[in-house]
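Quick one: this structure, given as structure tokens, is what I'll be asking you about.
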Amino acid sequence: MTAHPSRTDGVAGSKLMTLAEAAAMVHDGDHLALSGFACARNAIAFSHELIRQGRRNLTLSACILGMDADLLVGAGLVQRLIYGGGSLDRFGSLQCVNRAYEQGTVVAEYYSSLAVAFRYLAGALGIPFMPMKSMLGSDLLARLKEETAPDNVLEMTCPFTGDPLVLVRAMVPDVAVVQVQLADAEGNAQILGPRWENGEAAKAAQRVIVVAEELVSTDVIRQQPELTVIPGFRVSGVVVLPYSAHPTSVYRCYDHDHDHLRLYVAKARTEEGVRGYIEEFIREPGDHVAYLQRIGGIAKLAELRADRVLGY
Amino acid sequence: MTAHPSRTDGVAGSKLMTLAEAAAMVHDGDHLALSGFACARNAIAFSHELIRQGRRNLTLSACILGMDADLLVGAGLVQRLIYGGGSLDRFGSLQCVNRAYEQGTVVAEYYSSLAVAFRYLAGALGIPFMPMKSMLGSDLLARLKEETAPDNVLEMTCPFTGDPLVLVRAMVPDVAVVQVQLADAEGNAQILGPRWENGEAAKAAQRVIVVAEELVSTDVIRQQPELTVIPGFRVSGVVVLPYSAHPTSVYRCYDHDHDHLRLYVAKARTEEGVRGYIEEFIREPGDHVAYLQRIGGIAKLAELRADRVLGY
Amino acid sequence: MRAQTEAPEFTTSELMVVVGARELKDGQLVFAGLGIPQIAVALAQRTHAPRLIVLNEIGLVDPHQIELGVGNADPRHWYRAAVFSSFLDIVGMVGHRGLVDVGFLGALEIDEFGNNNSSEVQRDDGGIRRFGGGGGANDIASHAKSTIMIIRHEARKLVERLVHNTSPGFLTGGDARRRAGLPGRGPSRVITDKALFTFDTTVGRIKLLSIHPGITHEDVRVSTGFPLEIPPGVPETGPPTQEEVRLIREELDPTRMYTSAI
Amino acid sequence: MRAQTEAPEFTTSELMVVVGARELKDGQLVFAGLGIPQIAVALAQRTHAPRLIVLNEIGLVDPHQIELGVGNADPRHWYRAAVFSSFLDIVGMVGHRGLVDVGFLGALEIDEFGNNNSSEVQRDDGGIRRFGGGGGANDIASHAKSTIMIIRHEARKLVERLVHNTSPGFLTGGDARRRAGLPGRGPSRVITDKALFTFDTTVGRIKLLSIHPGITHEDVRVSTGFPLEIPPGVPETGPPTQEEVRLIREELDPTRMYTSAI
């Protein structure tokens, strides 16, 4: 067998697109699985664009929500949350998420984080549910059954062991957005560092959008295919956009931005504050480059760059 | 926080042991999850040692059995097989396994390969079963239910969807042996190339034995922790033994040995032949180095070494 | 086998490769093991389906081999893959998830409903002769959108009753497959060394599509162990083109590992 | 707080760190989030438990930080880990698998049965004040062999009735936990800024183990919202040693991020 006629990045089908094109793949009412974990690898630029495009009635899901979810809720795009928890780590809590919860403006389908991961896993495997023993006896389960998600959880006696079990239903998000370090034009995407539930969420979803810090030749991917978390054939769109998770961190690329996270937390304390933030940092700049300019430009970005050895 | 007093490979607890010590961790009657897939990354040296130590009444499991299973069955150590299939690829079939099956000297609990992987997954996750839709309507399921494993499979109507489902019971092997490229003394083990079901099988098992081609400092592991398939805390013993999968291949280390595989297949055609093989290549040499000497020694091993670019 | 007008000389296994390749569409996700399926997929990628993606249960996506290996487990088969992962990732999260477009399946026996035995056959002395086992074949047959089976055309292989239904086709026909809860759409083609079959999905039964050049109706009839209607006007299987034969011989299987037969 | 004889001066949070560290044994697998648990674990590793392994739900095994981070999601927290994997690998294949020896849990409220609320509290106006949510806390509480809870000692936090039972302890006491099917053994310690508690596992109820130096019985009583028996002879919590305080101040938390309080 002679060499395969080198599939250049074009032959196998480039999925490169603009942020605006990618955000347009999320429709009003869609269920969007998010990428971040607290203040790491959040889909910030992507969320900005959803806000600019005025998407509505979204359902968001993640094991642990981060700033991307807080922005989308703060901007009024969200009607339901499926999650286990959320925070901005030491910077503070997700104030827009918590406020919406307190005021009842979102339905909060609130699980143990593993239950969310299991719902993605079932979706990814094409099985209808996963059995588990978390949430037994808890108010998490009681509230899901009675209020927020009676169709998505069941209790059952295990037919093998006789033990009590919780069954959590498979979840198939309409779209998963995954923020990664490296991708090729076909969509083969590699994540460095811990992957939390990104693999299962992406493989459960109907459509996957990869937002990559760096575009690499498919040769780079194929030199170490062990790191490919999402295969290109699962991906509908690839957006290459440096610093697209700012002010959250991307391991081996850049650190979180303390200053900006503190500023955000101060603003998000009130509804008025968050409206001001959205105006100042999302709508007025109008695109990602202008946003980066506004948060401190080249000097700030240079300061955030990760150390090669430490990775942060 | 200052640097952690560098945990040298000793501080965190060395698990290095001899092949004989590791094989002694498998007891008569144990269920052993094997490492190989057809003629790649088989636990050959480990199986040799089990044969030399005269272990009995073993249960073996794997999605796809390879030469290690064939040897153990050929040597009469095995009473039950839990598997999806097996072969030596183009070199031929697992003649000892098939002969034992035909003669009824082993119980063959025979699934679809995914069902085996799901049984490991359930064991690894600590859940009692996995639901699936493979095997519906097949004789695989009928034979499991009626003959070989009535306690390990059930049919059920999905309480969410109303669809027919097969439930396969969690499997917790007593021991998993995993053949890897790199491990540190604590047992953190990295696999290069595809991992088949090695991760789930190891995480399902009560005890894990890692057989590594190369011992590395824990610093090497910690430079790219994305590749660590088995964490050290799951591992009971680490055996460092080059060419321990010969004549099967270890990606990026060495190729399979055509000559020896052909010789084995010719011998394994009859019970007498396999007895002769075991005498000549396992009992008489008495240890792994003498075995390597007998199969061609340094010249043969040099010939098998993998090309750095190709990996084979 | 004799060449047809304007077509080159070709072997039966080359024809089977070409027939397999023609069934594949660009962009499809395909499970293909070693031998004719692997060459068929490579041929499709070099001709009309450059974006076809091959999966392998061992934990591979889209390898670009430069040498033929001895099997799935041979690293020659993994070269330049885009993903190295696991059985669960490929057979679970792609296969069981229902994303596979085409799965190739070998067989020891098939019946008229496309049920497939890859486990064991009856010996002449009444005993069982065991083969390797289906591995992921049942998973593919249960979940893939379509399956293509490859089998030698003999009356003891195309049989009325299987020794073991390893990988269900349409079970007892009609809507039995759907009622059993199998998500995949079932078998779509059978490629033998004498003919090409499809399935009538309303009755869940095999149907002759074409007969290979040089093969007589009588030959097909006596080589088929279940009752088979051979319509008088059944077409001849289209022969390979010169370019297809050249690709197979010069680029895809230059050592004639899989395509020298007959 | 005043130092005890022969003991150095120490802050309450330093004492809590030391109490936490003493509960850990060498070789244990521990889930520990940021703050006092993380420092407690690091202290145990530097003293009597060098082989203790820390897990993090984000997909980490055994990191060796050289700087404190802002949270689990901070790469400072991941430095030199032995494994980078996934939520499913850690919370599923270690946590749900039942292998975790000790899980540290924060809490907004706990009750006398060790049930733990990390979701929301009642506002004075009757509304709900929502917090981040438990994340993996319920998973840890359900499966770990033991859990250690850390909470500020106030009557509105150690309560008779939780607003939300996020992470079950012994539920209604007795064998209610076992009957519910929860595999883990339930809560083992509560560390507050005033006292250390254990649980009587036969009745599934909290029990005072020691009171921190300088804290009166009356102080504990009024700061506890459920009925609590304070035996007259209840011991005083042993103070940190000089070496423990030195390690905390000079090596583990030199910027006093978590251990300056009180």
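We call the chains A, B, C and D, going by the order they appear; numbering starts again at 1 in every chain.
Assume contacts are C-beta pairs under 8 Å (C-beta built on N, C-alpha and C of every residue); 3 or more make two chains touch, one makes a residue touch a chain.
From a predicted model like this one, the values you see are computed outputs, not experimental measurements.
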{"item": "Touching both subunit B and subunit D (chains)", "value": "A"}
{"item": "Remotest chain, subunit B as reference, centres from CA atoms", "value": "D"}
{"item": "Rounded Å distance between subunit A and subunit B, as computed from the means of their C-alpha atoms", "value": "37"}
{"item": "Separation of subunit B from subunit C, taking each centre as the mean of its C-alpha atoms, in whole Å", "value": "29"}
{"item": "Approximate Å spacing (C-alpha centroids) for the pair subunit A, subunit C", "value": "40"}
{"item": "Multi-partner residues of subunit C (each touching 2 or more other chains)", "value": "84-85, 88, 92, 96, 143, 183"}
{"item": "Numbers and ranges of subunit B residues touching at least 2 other chains", "value": "126-127, 132-133, 163, 165, 192-193, 226"}
{"item": "Pairs of chains found to touch, sorted by chain label", "value": "A-B, A-C, A-D, B-C, B-D"}
{"item": "For the subunit D and subunit B complex, residues of the former touching the latter", "value": "27, 29, 42, 45-46, 50-51, 53, 61-62, 64-68, 80-85, 88-89, 92-93, 96-98, 143, 183, 250-254"}
{"item": "Residue numbers on subunit A that touch subunit B, as the complex places them", "value": "126-133, 151, 154, 156, 158-161, 163, 165, 167, 169, 191-193, 226-227"}
{"item": "Touching residues (chain side subunit B, partner subunit C) in the complex", "value": "36-40, 63-64, 66, 83-91, 93-94, 97-99, 101-102, 110, 112-115, 117-118, 121, 132-140, 163-165, 192-200, 248-249, 251, 255-256, 306, 310-312"}
{"item": "Touching residues (chain side subunit A, partner subunit C) in the complex", "value": "1-5, 7, 11-13, 124-127, 186, 188, 203, 218, 221-222, 225-226, 228, 231-233"}
{"item": "Subunit A-facing residues of subunit D, complex", "value": "34, 56-60, 69-76, 78-79, 81, 84-88, 91-92, 95-96, 119-120, 127-139, 142-143, 162, 164-168, 171, 176-177, 180-183"}
